[in-house]
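Paired with chain B in one complex and with chain C in the other, chain A is shared by the two complexes that follow.
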Partner chain A sequence: MMAFRELSSLEKSLGLKKPNKYSTQGDKKVPVLHSNNGPALVGLVTIATHLVQEAKRPKLLGGSAEHKALVQQWLEYRLTKVDGCLKDDIKTILKDLNSYLEDKVYLAGNQFTLADTLMYYGIHHIIVDLAIQEKEKHMNVTRWFDQVQHYTGVRHHLPPVVVLRNRVYTSGHH
Partner chain B sequence: MTKDAVQGAAEEADQAQSKKGLKKQQKEAEKAAKKAEKQAKLAADSQSTDEDDFAKDRYGVPQMVQSQQKLDRVLVRVQKLTPEKADQLIWVRARIHTSRAKGKQCFLVLRQQQFNVQALVAVGERASKQMVKFAANINKESIVDVEAMVRRVEQKIESCSQQDVELHIERIFVISQAEPRLPLQLEDCVRPEGEGDEDGRATVNQDTRLDNRVIDLRTTTSHAIFRLQSGVCQLFRDTLTNKGFVEIQTPKIISAASEGGANVFTVSYFKTSAYLAQSPQLYKQMCICADFDKVFCVGPVFRAEDSNTHRHLTEFVGLDIELAFNYHYHEVIESITDTMVQIFKGLRDKFQTEIQTVGKQYSSEPFKFLEPTLRLEYTEGVAMLREAGVDMGDEEDLSTPNEKLLGRLVKEKYDTDFYVLDKYPLAVRPFYTMPDPNDKKYSNSYDMFMRGEEILSGAQRIHDAQLLTERAIHHNIDLEKIKSYIDSFRYGAPPHGGGGIGLERVCMLYLGLHNVRQVSMFPRDPKRLTP
Partner chain C sequence: MALNLTINSSNPPLGALLAAEHVKGSVNLSVDEGKDNKLRVSESVQFSDVNSITRYLARVTPTLSLYGSNMLEQTEVDHWLEFSARRVCGQSGLATALEELDKALVLRTFLVGHSLTLADLCVWAALKGSYEWQSIQKQAGAFSHVARWFSFLGSQVPFTAVGNKYANSKA
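Right after this comes the complex of A and B.
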């Protein structure tokens, strides 16, 4: 279900006019796209990559070889670490992402890529539940998240998350 | 082999064995002899020292003080031991904070309340070897009387409050001996949070400290906290007295619960039962009806809430205010907030040492407030919370997390740790709260917050017997039980309002502490009834 909505939002954000039809495969409900010309595509990242190509926006997959590799790395991170993560893992994910994003606007540096969109979709359920204090504690993640949710055409099916611009937990007192 | 040969071999073996045994015996005998010699020497030593201890009148454990004699001796306060007293021979009564013997001398740190001074007993003209040994063996926390020469020191003694002098002890007497083993160490109680972790030093957890409260209260931090608390009470009294208030005493054993019956303690009262007062609410209002005009009350209040949180006690000290006003209950708010501001100012100006002492163990930002005090309406507060992404209803009460968050938002926007939230929804307030004339959903009631936590709850009260009865019925209160209360308003009652403050919470939040038990001398909560 979630993957379908995510892919359909992605289609819209890429400006693809004709919506595709998806099915699922296996226990983990891996999305499958049956295309007219060629074999079926399996898996969220594979399909997403395909959609980007179809929309003729290859830059979303990265410019240089290095950039491309970074994008792939974060797409993989999304699938392996974020999806189906346990409560205990959330802290680690937020901590890691927060320190990684300290000096970056987007996941793969200074350009918006597919990694940002998919990570945003994947992490939304975590961020939406965070208390203000938690959001402030992971302020780099929150800043990135706010940037992405306001990026033209990305948000779609997900509710906006309030992000305060000022820090309110500046002192040690709680 | 012949029989003889066999025997011979056996004898040989025997002999060999006995030889070994002999040696062993000899050795043991030698050892014993040595031991005896040593003991004899020791005994002789002690005997001889007993004889030639020239200082034996200068130390010891005198008779228990049972008021046998009234000495003219002046005991100087440790705090007064400054360079001006240098080269004077003085008497001090203090506790042994620490002692450290090193060869012919023994260093002591003598403590009196939050002050301490270094003292030294050294073998010399005034002190014998035995006296130094005696001093070194006095248990920690014992109380001693000391006669000593005050000496200026070259290098400041960083570990003591009296840094410029030390005491050269000439006489030392134990007035009260402490047990050798203390249930906890004072140093472990004042160690700043988190500091002990690195070097593996112990910190004492709160329950252990409260179990041994008498010792825990001896720490500099505890002393500072309770001096400040005493200051809050005094500032509260002084400010209100200056404003023309009268201090009243109200009964704590009452016949009916003032704010709903759920959280009151029931006590058996001869053939019937009574309650412990949750607040002096009804009585201070009755005083207003009796024309006392402006009253306050400092005393215990009881809450039977089974909540084990950092800020709930079952018995705490309530600072209650009630006053008649002319036309608008904001006159009351202004009077109370001004009182609070006077307290904050008084603490800031007169208790800086105490604030800093507490800050050494529990660091926090200085308390900030505005003058005049910020007043927000409930709807504004709710709007601020919604803007921050909190989902809540118009007439919903503030949850603790939201309360704290709102405190944060207010601090960020207005830079104040103290503010008033006015016009609470009527539904979440007690029956005697005056409804808002413009909007039936709201009421003329307010809470005051320090660092985002509620310290005062107050309102304009209903002074009309008719309306009061209606509201009581609406809240399903047995009219029979509050008859005398409602009746007090039948014979002319001025419009009035007030509020009640929790003393412990004010101290806790002013100092930025995390647990109300730290500011209650002998805290009472659902799980603690002793000490």
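Right after this comes the complex of A and C.
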């Protein structure tokens, strides 16, 4: 199950020692976490947020109020736009992200957050299939992706994607 | 081993101060203000050139990987140190230097590898001290990759500390 592997990688990247047990709910296989103290938690982002708090890394959810809202916005984007996207949607997602990331290092600005980790996990299957020329065309996405996949402890279950450090198609024949 | 860095307070060496700020948790280093830039390593050994100072500080703190993590990266760092001293601090031709820098940063978050190195420190410091860059920065969309990299680094803690304390006295 994709969501399980994702949550278990997230646990490792957060340095949580004890792996949790997850089950799924419904046709869409929404992950469920049965916690020891409290009600069961349902949904990828809900559980991921809980894990971040458990690891005492609140900064991964954003610092200021605006920063927190930005993180939530991209977590929502991941669930609603990226998950289960069709072939036609991929172009729009890449185009949107590419123009958004032109002046940003991470999704919520200058600090690495949970949004980067989950977007990276969610978009990996798209990026892994891109040809070099397409990676260059969406250079801001490619740069962000490469930075996140090299961010300490994030990659885990996913294969690395090759990113050239300099452009090959420099003359703009896209 | 106690190191002592004396800086020229009327024209502070931002690159050396940034390097000092990064390594201060790993080595015993004091910073004083004075007339000349000078890193005193022992009774008989001292460095006065900014690039020599930053190189030395990076080499005595190998765990920080400020000099890259392999020989190729080390050579890249050397390239950018030279670039910062000759092309950015040089009197003319900043525009061509910026073009080159912009091209290099298209697919990179940091200049060398995937984390901070001396290359970032020294090129950032050289740009920070450049009047020409300050006016180019005001033009929207100019050298967008350099602009993103420059403000990203400038927002990180050691950079804000050094920038606030020393950049004004230089400008």
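Keep this in mind: the second predicted complex is superposed on the first by the 171 of 174 C-alpha atoms of A that agree within 3 Å, B and C clash if a C-alpha of one lies under 4 Å from a C-alpha of the other, contacts with A are read in each partner's own complex, and residues count from 1 in each chain.
Just so it is clear, a contact is a pair of C-beta atoms (placed from the backbone, for glycine too) under 8 Å apart; a residue touches a chain by one contact, two chains touch by 3 or more.
Keep in mind it's a predicted model, so treat the numbers as computed, not measured.
Q: Can A:158 be said to touch chain B (first), chain C (second), both, or neither?
A: neither
Q: So which one touches more of the residues on chain A, chain B or chain C?
A: C
Q: Once the structures are superposed on A, label A:132 by its partner contacts, choosing first (chain B), second (chain C), both or neither.
A: A:132 contacts chain B only, not chain C.
Q: Between chain B (first) and chain C (second), which does A:55 come into contact with in this model arrangement: first, second, both, or neither?
A: Touch partners of A:55: none, neither chain B nor chain C.
Q: Could you look at A:90 and tell me whether it touches chain B, chain C, both or neither (first, second, both, neither)?
A: The answer is neither, since A:90 touches no partner chain.
Q: Based on the superposed arrangement, let me know which partner A:110 touches: chain B (first), chain C (second), both, or neither?
A: second
Q: Applying the document's definition of touch, where does A:42 land relative to chain B and chain C: first, second, both, or neither?
A: After superposing on A, A:42 lies clear of both chain B and chain C.
Q: Using the superposition on chain A described above, determine whether A:166 touches chain B (first), chain C (second), both, or neither.
A: both
Q: For A:102, using the defined touch cut-off, is the partner it touches chain B, chain C, both, or neither? Pick first, second, both or neither.
A: It touches chain C, and chain B stays clear.
Q: Of the residues on chain A, which ones does chain B touch that chain C also touches?
A: In the superposed arrangement, which is not itself an observed complex, chain A uses residues 164, 166-167, 170 for both chain B and chain C.
Q: Quick check: in the complex, which residue numbers of chain B touch chain A?
A: Checking each residue of chain B against chain A gives 363-365, 387-389, 401, 404-405, 408-409, 411-412, 451, 512, 514.
Q: Over in the complex, which chain A residues touch chain B? Could you list them?
A: Per the touch definition, chain A meets chain B at residues 131-133, 161-162, 164, 166-174.
Q: Using the touch definition up top, name the residues of chain C that touch chain A in the complex.
A: Interface residues on chain C, with respect to chain A: 103-104, 106-109, 114, 144, 147-149, 151-152, 155-156.
Q: Which residues of chain A touch chain C once you look at their complex with the stated criterion?
A: Where chain A meets chain C, its residues are 102-105, 109-110, 136, 139, 142-144, 146-147, 150-151, 163-167, 170.
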